[in-house]
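Two complexes are shown next, each including subunit A; its partner changes from subunit B in the first to subunit C in the second.
Then we have the complex of A and B:
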């Protein structure tokens, strides 16, 4: 197996998952790239044992309105899932269908939405869109429970067109109105106040008497449309396939401009978007088929380190690398809040538009949080992932500053850094000379030196790229 | 760049989500208001009149009292032509002053560059909250983003001070510009260096601060308190930015809007009380804006996205009163059900930039717009 196989597998796993240990990369590279893509698309390993989580954190079963901690179960899955692409897709769809506790005020329903993404996220997009139109958290988030036959509420109808299908510029204000009318009567039950009994489960309910069944004209078609018809019509528009293709590209391949800019700014790689959009249309919106084309494409394989990690990728990727967070220990709730400190409050996006990605993840405060969190983790040399790196460095006989730097960069990715950065790292290690792995005392000193070097490496700009 | 503690300062409070104009600055005696707001209309007995036509929302008591002192300018009918009624597009337009094409440079980012062209002070502009608002974004212009003043610093986990300074020294070299690297790498490099420099200064702010004013326990009060601490610490910060929300009141508007304005009004009152107590209020003006107003007619529970809105400019230097005029609520005058803006938001920016900050507004907002005399 060549070094390039490992580097390419590292790339695939960072994008289609949250990175992998060296051991896993070696095992996957031995199986081959395309076989790994198939395994990711059709995972056979068991999912996370949620009952085990609840043994230790009873409150994660229906966290209701617990302040700020409702993403704990999801964080546990992100760290532990043996079905990395399935889990990555939950994050993808959460970033598209951004729904937040700030208004929904009901973590149970938001967690149900994440489960829905886990179950349907690689299936058919039309079905997912219909499931979202009937998802209680979404119905409440975009006020469709207040969308009545005699009092139309445009919130869901507008965002369906603007953010979940075609994008701004492909419909008129009349289309928004007509679309909203078609979803009247799509509501939730029961709507009980949270006090004094806490939160009740919500369910989708269709109320025929509150549905406007009269004629509508939407995107040039006329009929007594309901919500399902609208989703059918919307998915027949090439704009929808292109919009979803661009989302997939932005999330998995390389950073694109922000979503509101898509109406006026063309894609960075028009051919790639067309290929993905055509695949969506030809497969009748089969996401799995589209991902297969994406991961096996040259534009994907050539896009190493072409996009900035989201906060969740930073947190989960580093935790999976250093290990030690698999057991649901105390502090899981705080761990689930780490992406928030870097600007991505899971289950609580700033608005239905979701987060601005790419370079917009980075500002002085968020960069500081990224550096501090990851440096603390890799500096803890007792963690199993760091111990494994030290064992490998020792086996490779890495003693000089150059060998230590190259070894650590390799085991952290392999991570590609600018020559100037490498020189600085070597200079840093050189300040204290070579290390030795012979006596217990020397091994302890070498371990400390590696920890220090790893802290500097994860502070690099290059570490922010995936 | 010269600086003194009395250089003019702008504080922006962004009301994210589209604040409902007609329930904030209420045309309470206009029968058309009652006709359009059968559900979410504020009862006449609750409103806080400022004249025989217009009243403030009932939870705006503290702002009303600032208004009565002559320190609040209410600006009617603010917006721009052809409102897209999209939060995101509209907020971009407010941030970049580019209604026709996609802008990436923020108006206050440009102002920061004018104020401090040589980047002598990494704290010229501070954003309070976890994000860098596009209004402040401009490549190469430093903006400190702070969410917690007490814990602002790099690598606090490394407690051994010699080791920490060795690593931070190397960090600074690693973040220096690299030949031929990308714009994003350059941006991150600059951000890292600015963070390193700003951290040591900023953490002094809470230590220097004491006040008898007790801010309420709300998110917006915490942000304005942080802004007050930075202003009072005398770092030469000229632009401070924060947001509050969401004002996106499609449903159950009444209770929601009450709470939003209660929190904003109380926090704004504390902020100015705090500045006045320390004799630091005479060089601060605050702009409150939102990306659009909401539909004239309610939807049976709340209000959908609209066009024209209201903005406020508050502070001791402000010449209080009402500016521009409330657009007509007559059905024939509405555009797609919305009141039509009659004052371009870029005119407000122009007053703040030109008559307050002493900058040439035209290149910063992309043209000349009507300026109202709310700063004398």
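Then we have the complex of A and C:
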């Protein structure tokens, strides 16, 4: 197995998952790249045991809003799922169909949305779109429960076209109106109040008497359309395939401009977007088939470290790297808040547009949070993932500053850093000279110094890229 | 239905108690008089603080629960979230000895805390490990007639018997699904003959043993149907030998004869709000209106992931900790029930 095989597998796992330990990378590289892609697309490992989490953290059952810890259940899966791409896709769709507790005020409904993304996220986009049109949290978030036959509310209809399918510039204001009319009567059954005994589920309800069943003209087609017809028509538009393709590219390949700029700024790689869009159309919007093309493409393989990690990728990726969070120990709620402190409040995006990505993740406060969080974790040399790195460094006989720096960079990714950064790292380690792995005292000293070196490496600009 | 007569027994729904004071009830014990001890699990709600300060609500509450709905009273509470004396991180099981001292397991701290009946801290003991008298996740706890303790050592997949001071006496069980083996067991109780019943959580069954740990039988099997259970959390046996299993993941309690024949299911019947629940509603006109726009209030009646059961022999009633709804639902086991005229 070549170094490049490991580096490529590290790249795949950072993008199609949240990184992987060296042991996992080696096992996957031995199986081969394409076989790994297939396994990620069709995972055989069991899902995370939800009831195990409930046993120890019963408070995560329909949690309250004020505490802001409603993403704890999801965080447990993000850290522990053995189906990494399935879990990564929940984050992808949460970014696309951005729905927030700031308005919905029921974390349980948002968690149900995440479960839906987990179940349908690699299936057919059309079916997912229909499921979202009937999702209680989405219906409330975009006011479709206020969309009546005699008083149309255009919020859902507009966002469906603007942010969930075609993108700005591909439809008219009349289309928005006609689209919204087709979704009248798609609403929520009045639900039990949260007082006095906690939350109860919401349910989709279709009210025939509140549905506008008259003729509509939408994107040049005329008929007595309802919501399902609209979704069919929307999905026949090449613009929809291109829009979803660009989202996939932005999330998995390389940072694109922010979504509102897409109507006026061409993609960084038009050929890649076309390939993905064609695959979507030819496969009738099979997301799994499209991801297969994406991960096996050269444009993907050549895009190492071309994306800034989102806060969730930083938190989850580092936790998976260092290990020790498999059992849902006390503090899970606090872990679920960490991406928020870096600018990504899971289940509570700033608006229906989702988060601005790429360089916009970074400001002085969020960068400090990233560095502190990751440095604390990698500096904890008792963590199983760090112990494994130390064992490997010892086995490799890494004793000089250069060997330690190269070894740590390798085991952290492999991570590619600028020559200048590497020089700084070597300089830091050189201040205390070589390490030795012979006596208990020397091993303890070497372990401490590796911990310090790892802390320095995760503080580098390069660690913020995936 | 509120009343059911089945297999020669009549169970009659009594009332619910809660809506205040008992959030996340996870274990119950019946004391003297009308006193009921309720262990409260608490939950996490504070971030950016040290790990042992991230939660609130972990404590023991004492209620007076007479027979009549509306007569319940809050007596007192003790304990808080934390790892100090008299504090709990993950309180799980609670039991009373003959002096009504209170024994509380903490499945994160791996220790047993003992308080007096008013909650005053007496001592705690226990250590982490797999050796005799050591624990990895002490969960259910019960006291036998000699004031010895049976403690479910859940992540070690075994039961340990100790004196009330924590001196090791015996143990049985290991990870597996054969008879006498356990997978992550949880609740435990003893019957009037001293036999021991263990909620074998991930094996979806309850196993019965002699006081020395010799296997006697099994109640329930995996599933959602009649007589089946999914991830049972607790078990209690009444003086007739009837066995009640807290069927947590199926949101219900299953009842069996002493021979393991299925009797009936309790799914929760709180058609009337508990006293303190009603007070919350009465104080909020918007809630009153919201309750009138729904087609049914039925989801409110039902149990939601109940964690514990207890049987109050003095009053012949089954108490169910309706954990996610913050209340206790009570069913009377009637001894002198007369059927009303059938064709009324």
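By definition in this document, the second predicted complex is superposed on the first by the 459 of 466 C-alpha atoms of A that agree within 3 Å, B and C clash if a C-alpha of one lies under 4 Å from a C-alpha of the other, contacts with A are read in each partner's own complex, and residues count from 1 in each chain.
Simple rule for what comes next: contacts are C-beta pairs under 8 Å (C-beta built on N, C-alpha and C of every residue); 3 or more make two chains touch, one makes a residue touch a chain.
From a predicted model like this one, the values you see are computed outputs, not experimental measurements.
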Overlay on subunit A: subunit C relative to subunit B, clash or fit
fit
In the superposed arrangement, does A:351 touch subunit B (first), subunit C (second), both or neither?
first
Tell me the contact category for A:173 with respect to subunit B and subunit C: first, second, both or neither.
first
Check the residue A:250 against both partner chains and state whether it touches subunit B (first), subunit C (second), both, or neither.
neither
Touch test for A:184: subunit B only (first), subunit C only (second), both, or neither?
neither
For subunit A as apex, the angle formed with subunit B and subunit C - C-alpha centres, to the nearest 10 degrees:
100
After lining up the shared chain so the two structures overlap, which partner does A:371 touch, if you call subunit B first and subunit C second: first, second, both or neither?
first
Can A:68 be said to touch subunit B (first), subunit C (second), both, or neither?
second
Now for A:102: first (subunit B), second (subunit C), both, or neither, which partner does it touch?
first
In this superposition, which partner touches a larger number of subunit A residues, subunit B or subunit C?
B
If you've got the overlay open, could you tell me the nearest Cα approach between subunit B and subunit C in whole angstrom?
10
If I apply the document's touch criterion, which positions on subunit A are contacted by subunit B in one structure and by subunit C in the other?
341
Spell out the part of subunit B that touches subunit A in their complex, as residue ranges.
16-17, 84-89, 92, 101-102, 127, 130-132, 142-147, 152-158, 163, 166-167, 170-171, 173-175, 178-179, 181, 184-185, 187-189, 191-192, 194-195, 198-199, 246, 248, 250-252, 299-302, 304-305, 336
In their shared complex, subunit A is touched by residues of subunit C numbered 19, 24, 26, 41-49, 51-52, 54-55, 89-90, 107-108, 186, 201, 231, 249, 273, 276-278, 280-281, 284, 286-287, 290-291, 293-295, 297, 299-300, 304-305, 307, 323-327
Using the touch rule from the top, collect the residues of subunit A that touch subunit B in their complex.
102-103, 142-143, 145-146, 148, 150-155, 158, 162, 168, 173, 255, 257, 259-261, 264-265, 308, 340-341, 343, 350-353, 356, 358-360, 362-368, 371-372, 375-376, 379, 418, 420-421, 424-425, 427-428, 431, 452, 455-456, 459-461, 464
In the complex, the residues of subunit A that touch subunit C are 51, 54-59, 61-64, 66-69, 72, 189-193, 195-198, 200-201, 329-334, 337, 341
